[in-house]
Amino acid sequence: MNYSSYIALIPLLPLAGFVLLGLFGKKYFKTFSGTIGIFLLLASTVLALYTAYQYFFINGKVNDVYQSIIPVKYTWLQFSSGTSIDMGIILDPISVMMMVVVTFVSLMVHIFSLGYMKSEERFGTYYSFLSLFTFSMLGLVVASNIFQIYIFWELVGVSSYLLIGFYYDRPSAVAASKKAFVVTRFADLGFLIGILILAFEGGTLDFNTLIQRLTDTQSSQFISITTASFLGVSVLTWALTLVFIGGAGKSAMFPLHIWLPDAMEGPTPVSALIHAATMVVAGVYLVARLFPVFSINESSLHIVTWVGMFSALLAAIIACTQTDIKRVLAFSTMSQIGYMMFALGVAHKNGETGLGYTASMFHLFTHAFFKSLLFLCAGAIIHLVHSNEMQDMGGLRKFMPVTHLTFLIACLAIAGIPPFAGFFSKEEILLATYHANKIVYVIALFTSGLTAFYMFRLYFSIFWNKPKELHGHPHEGTFSMKFPLIILATGTMVAGFIPFGHYVSSDGKILETPFHLNFSIAPVLFALTGILLALWMYKKESNRPHRVASALGGLYHSAYKKFYMDEIYLFITKKIIFNLVGRPANWIDKNIVDGTMNGIAYSTAKISGWIKGIQSGKVQGYALYFFSGIILLVIVVLYLWK
Amino acid sequence: MNLNLLLLIPILTATAVLFCKGLKQVRTVSFLGSALQLALSFILMYYYWQERTAGNNAAFLFEDNFTWFAPLHINYHIGVDGISIAMILLTSFVVFAGILVSWKMEQLSKEFFFLLLFLSVGAYGFFISLDLFTLFFFLELAVIPKFLLIGIWGSGKKEYSAMKLALMLMGGSALVFVGLAGLFFNTNTGDGSHTFDILQIAQMHIPVAVQKLFFPFVFIGFGIFGALFPFHTWVPDGHSSAPTAASMFLAGISMKLGGYGCLRVATYLMPDAAQQYSTIIIVLSCIAILYGAFATMMQTDLKYINAYSSVSHCGFVLLGIGMLTRTAITGAVMQMVSHGLMTALFFACIGMIYDRTHTRQMSQLGGLLKIMPFVSTVFVIAGLCSLGLPGFSGFVAEVTVFMGSWEHKEAFYKISTIIACASIVVTAVYILRAVGKAIMGPLAKTEYGLLKDAAWNERVAAGLLIIGIVAIGVAPFWLNQLVGPGAESIMNNISNAAVIK
Amino acid sequence: MWNDYLQLMKSEWMVIIVIFILLFLKLGKKERNTESLLHFINVLLFINLASGFIYHRDGSLFGDMFHSNSLLAFEKNVLSLGTLIISMQSFHWLKNHKHILEFYILLLSTLLGMFFMLSSNNLLMFYLGLELSTIPLAALANFDLEKRVSSEAAMKLILSSAFSSGLLLFGISMLYGSTGTLNYLELSQQLTGTPLQILSFVMFAAGFGFKISAVPFHLWTADVYEGSPVAVTSYLSVISKGAILFVFVSVLYQVFHHMALAWYNLIFIISVLTMTIGNLFALRQQNMKRFLAFSSISQVGFILIGITGQSAAGSASVIYFVLIYVFSNLGAFGVVSLVSALTGKETVNDYKGFYKNNRVLSWVLAISLFSLAGIPPTAGFFGKFFLLLAGAGTTHQSGGQINYLLIVIAALNMVISLYYYLRIIRAMFMDSTEQPIEKIKSSFSPNLSFIICIAGILITGIASGAYNYIYSLVK
Amino acid sequence: MNGIPISHILFVSTALFFIGMYGMFTRRNMITMLMAIELILNSVNINFVVFNKYLWPGKMDGIFFTIFIITIAAAEAAVAIAIIINLYRSHKSIDVEDAAEMKY
């Protein structure tokens, strides 16, 4: 166990990149900024891979069980003797896995952006933000302390804010960045309160100690947190649900998903980063990190399952109707994250029942490859077409063969066609749900069909269909843009063959995940149906999509409108919060609180006016007051107040 | 380390300013004086650490005590603990930055800088006082310069705001006076005489009935300074009418006088009453936090936004004090420091924007990031600090308050903590709204395109404040260690009181 | 024997000598250089003041009707100092006045009356001193003979004061009737607080209340202050009031201390009324003199709180406050007097934009007003703090907690009073107007007086010597 | 003279006092008001003399006081009348209601 502190460099190198580029990027490095960012991150990636190698193959195991190791830990803020925020690095299967994913995907995005953002004026700033984003996410995944995760959680939020609002002179980008931040902030409130409850009940903020205390049925903390209840629900359920709300916010689970489509306002490579490796998987990671605690509490797991399930289905339905390619991808992310969530929800602590856990993490892993690939492809396409709308595209396969091919690979992967990565992970998830909950299984199966449909709808509309007029000489991007696509496509093809259960499992032991041919027939059939349907509708230009849409009528329309979620939110915020809370608060302040103070002043002046008559200017009046004053005082002193 | 230097340097600087001619001399002298003071604050902190590491465990260090008015048992007694040092550092940062941003104050420059420095004397003196009279003296010292600064150099309905501020603050200090007098006459030094000495009073046990009677006076009195709901109405008007440096001082330091007073006088000296009234304090501060935040949401003037958000943020200070746990009190002090730096930065930034565009209305601003990247970036940083982003001081302070508040078992405390927590969402809304409207978006007016970015003095001022904010945000442990023992001794007093009863 | 008369009555003799010098001057030639005459008189007054510090001795004269001690000597010095300052400040007004010598003779006569009143140890002596200090003042109030308001003011003053001294005398007569003595010491032993004595005490106190303009005996104040020449107004508001306050404290504490229960309540009520009514009226005043009149009324309310303290701290705080009040109020009146003499402008509106052309004068007025409002670091802060502290710390049994009510009321009144003081500051510094008052060309005497006032305001507070000294005298 | 009880004389003095008071409050002529004040002073004089004679005959305090009051009242009246005369010059009236310019 000789992890020296070089591990700390993994997150710190991107931080250095952020500081360096943020302070000097614009003035001194200019176009050189990208290279600096890439090299720093490359170093980070190499270190992460080395760490993974060390951990998984050399010294991560004790008695065949992967241990949770904390090689670096500093006390950051001491609250009381037991509780403190520590800045540390935890090494366990999921964190190591995530470290690799984050650095790798981020590196690809960095490289891709070199070409994509070339002409951008704030090139240095862009890279510094990317570095910050990477740093935040790395800090999040290695967090050994629940508050550390919250800190980086917030930093992830602000990085996404900065990147989504990167084109700050577009009002829509500003609004989208604000929306993303506020919605996730709202969710973070739940997370924060959840942390407070857990920290209070567990008496610590340290993950390992916390998990150990709260899962040990003999410990006083466990007894207290499970027996105490609030509004009839046990405190543990409350805490976990609140933590899950935080996760749901970042992971865009229903009903906190509304920021996700708008977040497409940012530069496309950023979307790749957000969707594949950073922000949105943070919620899944959080649940996975606290999984031992979740696993002893059925009710919270049910919530995770159903929210994940519903989000997956809802997003898939909406994705079928969207016309903006990035939005389709965004909803597909939401749907896939839903998969990961309910996979976690159906899992249990030990052995075979923990399959969902492994499956979820596996899916997270494979999803990172194909989703970043999809987004980068989309970036390349948008770079060429200068539009996000499907109707502006068509027949692009001639102009961009590399993109076409890699996109197809990614689509097949996400649709769950063997032997691409998505197939394996998705199959594991379905297997896990099949054993745990048949209803979920059926819906998941249906959703996977939908997934295949909307992905191929996208594919056919972009690359086939009727070619659109493109001005200039359309050509694929530079090498720096093609290179990441190829790498990621390779990853997508091979990632599925990793025996994931050997490395990541709910109890740290090796979990064999045998391949059942019989079982995988159904999902593949569903996927193929979806693909064929898409082929039928979108391969050539026709009015079939239109006919189908009008046949579905209201359903289509409301799915197109994202089931009016935005409108509902707008109503709540604008009408209810703004008008019913903000405005009255302001009114009260202006009129009642302030009015009281002014009223005191006013009435003092008024009284002063009333009594001015005493000073009549007439000596006799003065004498009268004088004399009556004496008499009154005598009466008071003698009789009234002795 | 002789603490009198902390008073002497600003006084001498202020006096020197009186003999200067012209803006250039005046500002050079003020700059040097405040720089010296800043250096001195750091030296003080250095010596403090040295004493502490040498094992000096006295509650207060560098004490200086001499009899002032012997017949009334009034002493000039000064000394510092970690809390005071934190506040002194804050003050010297803000004053230094304030002088830098007023670099081009042409109108009556001599008077302006004199009053600013004079104001700082009040703040420094207040933070080092260990005698209630001395403390009160410095508290009131810092009121009238504010009135003049706002009234003469302010903007908008400045006379009204200045008058309102002066009257409300004076009202506050009048209440404080009643409380102090009440405390004084219920002390007994053993030979039947009374004392104003904070250390001595802390050792005594003032009868609970007396505490209950006078605690509200002291607390509300200081609370008015610290924007306690519903006595916060001077805050928005005062801040928004004041000139930049005065706003910085007002929000950055002056409001902290209230918090510090609540802590050092009300809670420390009347622990029983503090416990009795904690429920009310918590309720009021929760109202302030949430209600201030919602009121901020409705503002359109940048200064009003920051002023109302100060109400909300200072609610955390009072909440921390009301919660009466070591962590919460530490958090309250941290919040004071953090809010001081952050809000000073915010006001400096708004001042820079106003100097250039001559408007503070959000509707007339927009797209400033393009033409004034530095100012805009600073604005965003201040905003992010305000909404409690980790890495900046605001987060550290708020989280400490939350953690401290949550240490109580009863549902009441939990619920109030949750209410306070809820403000982080509202804060995000109004901060991002301001940033989105004023800084981002398309350029509001074409003539803004010609505006210049920050000058060196503004850069230094903002940079300094940001360094302070980040230093706390990234490495909070030093502040925690600085403040912790002070909070500890206050808590000891409270728990002792609970035992004696 | 003669030694006693010379030494114990040293201050009185000095004033008498100055009066006689002036009388002889009056007999001499008619045409004089007024400026040098005024300087000469100021020098005389300065010698008078200086001689007060030289030597003093305790003792009594005239069969214990007159007594002297170091505290009284100090109080007399305060009054002499105030007179000197007023004299210097009225330089510009008197320079063009025909009857300079008469002014000073009358003025010094009242001062002499006050000295006797201070030193009195017997009600008869007290009454004589009181009348000697009052009647010439009425003549002084009418000193701007050609002005309508001046004569109206004088008429109001003389009629009211005659009326009040009638009531005062009625009170004294009943005191005499119930005790058979006029001597303070004997009186204090005889007084037990029977209803008759309380009745007579109230009438007696009303006489004091009239002079210090405590509500409800204050109604003459504003009119007289407004109508009289500024020099007389400042004399009335500072010297006359201060002298009576000195006497009032010692009479209450010495003579009536067995009746403290009764007069504690009385002073309590009067104090609250005085502060509140004074403030409420001051809020609405436009004329600076009238404004200062009401402000001085509310100041008296604060002083009365100190009197309720009934201890060494109480009387020390009152004397200390009067000393500070001399500096602060005269600083303010000095500026008003100068502006009034040179421009004839007396209303608050005239002071708008005053700072533009008259920086130093503005600061003098501002600092004086801050001192009156009780803002640190001016002495007024210390003065008010000690007054209220003395009031809060009353050892009296009926005091107890109820006195905190008084302190709360006082504290609130301080806020109101701050408002109107700041109103003047606001007019001077913040408001702008088309035609602010031009640059005022002051001369040596007023300038010196301002230096004395400001120095006094800034030093007597922070340097604790003054208070400690007074306390040691009282003790 | 001994036959007259003290209460009778005190009744007279009190009556005089209130008559003076009444005059002070109701008469508008300044000179008359001055005379009313003199009545008050005279009631005081009677008081002093009576108290001295009946209650405290040992010393002459009361009598002396009376003499001083009479003297001072004369001085007061002199100054007052001078002022009233001056006032008449400017106001052409000695009605106290006419001299009420300064108020509120």
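For clarity, chains are labelled A, B, C and D in written order, and residue numbers in each chain start from 1.
Criterion: a contact is a pair of C-beta atoms (placed from the backbone, for glycine too) under 8 Å apart; a residue touches a chain by one contact, two chains touch by 3 or more.
Since the structure is predicted, the reported quantities are computational estimates derived from the model, not experimental observations.
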Handout entry: Path length in the contact graph (chain A to chain C, fewest steps)
Key = 1
Exercise for the section: Could you let me know which interface, A-D or C-D, is made of more C-beta pairs in contact? Expected result: C-D
Handout entry: Distance-to-centre winner among chains (Cα means, whole assembly as reference)
Key = B
Practice task
With centres defined as the mean of C-alpha atoms, identify the chain lying farthest from chain C.
Solution key: A
Exercise for the section: Between chain C and chain D, tell me the centre distance in angstrom, where each centre is the average of that chain's C-alpha atoms. Expected result: 27
Exercise for the section: Could you put a whole-Å number on the gap between the CA centroids of chain B and chain D? Expected result: 64
Practice task
Could you put a whole-Å number on the gap between the CA centroids of chain A and chain D?
Solution key: 96
Practice task
Go ahead and note the Å separation of the Cα centroids belonging to chain A and chain B.
Solution key: 36
Completion exercise
Expected list for chain C, residues touching two or more other chains, is 155-156, 159, 163, 167, 222-223, 284, 419
Problem - Of all residues in chain B, the ones touching two or more other chains - result: 167
Fill in the blank from the handout: chain D touches at least 2 other chains through residues 24, 33, 96, 100-104
Exercise for the section: If two chains touch, include that pair; go through all of them. Expected result: A-B, A-C, A-D, B-C, C-D
Exercise for the section: Show which residues of chain B lie in contact with chain C when the two form their complex. Expected result: 68-72, 74, 133, 136-138, 140-141, 143-144, 147-148, 151-152, 158-159, 162-163, 166-167, 170-171, 174-175, 177-178, 181-182, 184-185, 194, 213
Problem - Of all residues in chain A, those that touch chain C in their complex - result: 601, 604-605, 607-609, 611-612, 614-615, 617, 619, 621-623, 625-630, 633-634, 636-638, 641-642
Problem - Of all residues in chain B, those that touch chain A in their complex - result: 164, 167-168, 229-230, 232-233, 236, 291, 294-295, 297-299, 308, 326-327, 367, 369-370, 373, 384, 387-391, 395-396, 399-400, 402-404, 406-407, 411, 417-418, 421-422, 424-425, 428-429, 432-433, 436, 439-443, 475-477, 480, 484
Handout entry: Residues of chain A defined as touching chain B within the complex
Key = 26, 75-80, 83, 85, 147, 150-152, 154-155, 158, 161, 165, 168-171, 174-175, 177-178, 181-182, 185-186, 188-189, 192-193, 196-197, 199-200, 230, 578, 581-583, 585-586, 588-589, 593-594, 596-597, 601
Exercise for the section: Spell out the residues on chain C that touch chain B in their complex, using ranges where they run on. Expected result: 312-313, 316, 370, 375-377, 381, 385-386, 388-389, 392-393, 401, 404, 407-408, 411-412, 414-415, 418-419, 422, 425-426, 429-431, 464, 467-468, 471, 475
